[in-house]
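Two complexes are shown next, each including chain A; its partner changes from chain B in the first to chain C in the second.
The block that comes next holds the complex of A and B.
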């Protein structure tokens, strides 16, 4: 070999030989956190971190690897510290492996912490940390966060995965928005919108297979509404019904279900419509120095369930139902806006929509935005079309029923 | 302080379980081993300076003096000298006789038993000289009896008597002995100071059989043998071109191995041929026993793990290569032929690609490109992800990898290196051991590696999968030398990835790529036609285009035109000109011919006939352009079919 290459070659060899595998940690030396809960600590000013850590050999049930014996796929550990980072480091006091955040699925924030201490610390720490992903879900719970984290829920072996999947398929219920760390950070940093986070809580929903008599005995994590923040403090919550209106603004669902009464005589008889396509548009306006909004929603839906026996044709039924669908949707949207106005919290992000359209005007009014929002004129325009009765060509009516 | 702790060797033995400790331990072990070994070697060497490489006397010089001498007139002296030079050669056969049953001069014939064909000596040398010449004299009578006792010159003897087609003259012992040792018969005639070398070469050799290293599904089954003449005939049989050139030279001062350089003049660049010849002629070694000697002696980058000369056992591959303007170097006594120049990508192409349907050819080529990437990088990517970048693994996979590694006592790097070594060990063992044992070893090997090692918790199951896929991928690479290069390069990449993670992986790939980019094979860039990008060669690179599209030869050829224009086959058209020539009855039923075609066995007949007649019609047109001629030729094809039927 040419002599001039000998020394560079040896130097390159030294890089590999002398690096000492800097930064290498084998995957089986990691305690992979699947969910983390943050609560107020017992002493003021402290925070308690609860980490749900997967125990791989019990998760996978690997042939060859001896079973760990506990049969528990997760190991939940908790530690307290003056800051989140200190609390996490304190986990290391008794964790036999290095706590690793790269696969964390969900951050659960206790309502106490969010209300009293604020989420500034949370946003800062979790977006600063290089191991965490910005696609981690963030939720708020009225229970203790540690309780949510320690609950075995859902079909997945690892409960953290269950909560993750819960959000993947939450479109169908549309009762809590899907907010990940990135979205939360974006709305936290923006002037024109406030943070909203989904609320989860444990309910006795599961039915024990071993003992069916204990109906609803096992707790399951359930989506239930939305929490909205003012600056970094929790201001209030919306129940699942109110959340439906909010979803149009924050996390537009792919499909939605609308249930309306179809019979004037019996309010328990309902028609159910599935929204297949829609167009939702918020048009900010600036009228005489005051912001105003025009909200347009065009929906196309299918009739998926009809309780009322009727001799009418589907065309007539669907035509008749359109107006009540429109009214229903209009009400839920105006309810959400009303909630935002009365609380003077812009959790619908109307401010940032206004800013996008009128950037210069926004600079003038942004300091006074919550006040202006409460008096802003909002015009809601909903039009609904029911397209198809799906597979049935005529309503399901027994012959005898037609006589009534 | 932190760095100091990391680098200190002492920490390795205090029970800390860092990967670095294992690596350092192994490195230290090897360094100590090497130092000890070389120390002992140097000590030994210094005690016996000069004693190791002495050649034990000046015998060689004496023989050279004898060889340089001119042939003597006297037969006895000649015989004595040959026996002096070739002393102690049990297979040297000496036959003394006289031409014309003792009436002519005394002669001595030497040949090496086993190198010469006894039948040829009998029928071509001894019989004409001893018996046939007498018969001829008897028939001719005594008209030229005056010349009878004059010693016949070698020229006359050769022309008149020896039936063998290949007779040469030697004036020095060097030439005479060289010929004798190459299998020719050496004939001394009393009173003549020239020796005759008669071409009686003939020895046992294998007949062309299926190749061991390059197996094809579709394609010829014959492979090269150890006999260079058989090999050249295998190529010649495929290319009947007067521009075919075969230059011969002998390399090796002691082995005097025949080396033939084969190319097609006009297709191969003259500079390339000159370069090959120059490199071969400048070789000064004592022996060439296999083409591997030559490969290393003429290679462009002697230190590189990449091989810049292609190696093949298949005559069809050599024929295709020289038709692309390359030069083939055949070496006697080995079936492996060298082809130059070559590119890296050629190692991933098989001759099947060109014989099978082009979709299949392209598909299997892409599969092989995947195999190349997998076998080069999969295990290092695994190491990198599992020990550095766990966030890049999907959660479920990360958990199952972690679960599999739960009881594995080694760090990932050591585990991978151990498994790869075990795999290479099995492969090498499978190669070396006697055939009948092979199955037993492969069963034991797969059981130990696949099942027992996992159950014992020595390796993780995913590691087994990774190593197996890597191994299978390396088997999918058609060229043995390319496959070996990839296997070799795998290890530095694994070590780099295992010590520096993604940085090391990218760094190692970078160094290898830059090195490959700097290589040239006989003046041609090693990564061509990808880098530098050669648009006209892309039709036979990543994809194998159909033959009718492969219009030009690769860029390396001097004459790049391979075939005529418009080679894409077309179905014959039943247009107006064809119909005009139809016989009246066919013309009448033409409108219904499609309907009646199903039931009528001879319905194709009309179609082909019509197109044939259209072809004849076109040929009758005077002085068509080239393109028209082409069309004419193509449309004439059905006529042949018709004629055959």
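The block that comes next holds the complex of A and C.
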């Protein structure tokens, strides 16, 4: 009796399980978005979405069109709507395939949109989208986001991949924080820090293969600088120099370059040091009812370039340079803190650190935090050690060079 | 119901019961109440679960051949025993709905949004029913596989997330207050309640009486350690506000995980491991609900009520999961109020009555 029922039951079950087509989407029905740009629409209250969609048959090779392809590895489409979702749905008017977000690498937000409309709907929409990766990079641009999305940069065939790769190697210059959707959402939801996003913009830095003599004729996307927000609105931007100080707080790079003058007589002669290890610590304090911070930075670096011919030993040179490195790093941290204090925007996340250490006090002062931050006392203590001259035993000096 | 399972299998069942809902929906609910103290609330809750499990083992040990409901029958008579069985059935009905919410919202919201809800419910009813018809041993064997799946899932999430952990985000401790954190444990207690209530029903089917306590409490503690990884990662990687922002917090963790440059979005692999554990929960809850149902009906073989019981469970669950707000409100506000009095009250009452009517219980046939 038992077995008599089991087999028909299983067969009935198979009818549901093996129909196979519920919710199925074939890969050649998908328009894979590689980068998306969001700009303020021409009509008030609207947003323009520009989607860079990969053309898989043409992504394989850059030179010449494959047999069935057009030679263009991407197709860029734009649409406008009253909300991001509506604008994306409106892309369906032009797209012959269903827009798919699973491979999107970057969300580019136009400064106009970020400043005037804010980023609340950007955070909300993309964090609700189950297809999107939480590792998708988010950037702000002073240019049109649509322009960034359509610009080919570097060696990659697909522009979205180019920007993605810029982030992978951005540690080398450390001029922009690496912020993905997850990190942005965490800052956005936190009451102890404000959102910061990296800035990208087009620069005429490329050389066209069609016209190699005309240098700087091709726009390239540059990742440099930081945009900071107050609540959900863009408040301002930091230049690359100020960003170097901010990076210690929000996204410390694995390695950094510090360039300092090495000759008192000629400021154009420099020594270059590469920071290899560091310890960065922010110690919040609560002194007489006011927040204060002690910032400690210990760095170990290598001397990687010395432009000052000298007959001093490496040991003497390195010892002499340490003080300059300390002063340089202290200044960049101080500049970032001053920028935060002056603008009364806690883009360094000092409030969050204070909250961790003094939760009860934080509850009392958090409503007045921007004001308190602007008057908070901050002590910066930097200690630098130059460990290695890298490969060379003595500084490079021509025979004729005297002591300097 | 003559086939017995080993203590190791029982331990595997306990580990599975505390896991699937505990790492995601429960942590999200807890984060909304006690923010980054969810990992402390989880530890406290595991300890509470271990104590309750120990009490349950003591109760069943008095008559190792009887379930907790049969003990009530023997002590207070058939009719009050039926009321107790009805309460147990209500608990397993609620627990099944809670797990169905976990099952549907993981798979539908993140993987198959165009799939009709009824197909998820059908799968969550039909597959466990098939296993339940074959007895507890089938579920217990899958539970052992489920433990390996849980370990694999934890390893995968660790590999993809550890580099992003900021331990500072676990601070400050007790920001929302010590007692608030203790109160928050009620949500995870409902997950352990499934394990303790199930233990009250299936311990007589575990063959080595002497190792019951070790297996049961060990299951809670090992399961607790496996679950504890998640609130720590959720706070350390996502932050507490972000964890509380989502319905299914663990899926947010899963889709943020990345190994190196090339291996990301492997949540499909993780959900496969997760699904086995979830399936064990669904099987066990239908099994226990059927045992309670047969007790209410006065039937000796639970198999006679499996289909009607599963239809009640599946139908109620379907109604609840159709509306996300209704489901989450039920889980957050109503479920602890219903589950905990039953799950704590029944073993304590059993313990007290057993103490008062020791001879009557020993003499019962």
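The definition used in the following text is that the second predicted complex is superposed on the first by the 373 of 404 C-alpha atoms of A that agree within 3 Å, B and C clash if a C-alpha of one lies under 4 Å from a C-alpha of the other, contacts with A are read in each partner's own complex, and residues count from 1 in each chain.
Note that in this section a residue touches a chain if its C-beta (ideal position, glycine included) is under 8 Å from a C-beta of that chain, and two chains touch if they have at least 3 such contacts.
Predicted model only: the values in this text are computed from it and were never measured.
In the superposed pair of complexes, A:161 makes contact with chain B only, with no contact to chain C. Touch criterion not met for A:93: it reaches neither chain B nor chain C. Put chain B and chain C next to each other and count what each touches on chain A; the higher total goes to B. Look at A:30: by the touch rule set out above, it reaches chain B but stays clear of chain C. When both complexes are overlaid on chain A, the residue A:16 reaches chain B and chain C alike. By the touch criterion defined above, A:133 lies against chain B and chain C together after alignment on the C-alpha atoms of chain A.
Using the contact criterion defined above for the overlaid structures, shared-chain residue A:357 touches chain C, although it does not reach chain B.
In the superposition on chain A, A:102 contacts both chain B and chain C.
Taken together, the two structures place residues 16-17, 22-23, 102, 133 of chain A in contact with chain B in one case and with chain C in the other.
Across the interface of their complex, chain C is touched by residues 2, 6, 9-10, 13, 16-17, 22-23, 102, 127, 130, 133-135, 168, 182, 185-186, 189-190, 353, 355-359 of chain A.
Across the complex, chain B meets chain A through its residues 6-7, 18-20, 23-24, 27, 303, 386-388, 390-391, 393, 395, 398-408, 411-413, 454-455, 457, 461, 495-496, 498-501, 504, 511.
Put simply, chain C touches chain A in their complex at residues 109-116, 119, 122-123, 126, 130, 133, 168, 171-172, 175, 237-239, 241-242, 245, 252, 255-256, 258, 261, 264-265.
Chain A contributes residues 1, 12, 15-28, 30, 32, 34, 54, 56-57, 59-66, 100, 102-103, 105, 131, 133, 158, 161 to its touches with chain B in the complex.
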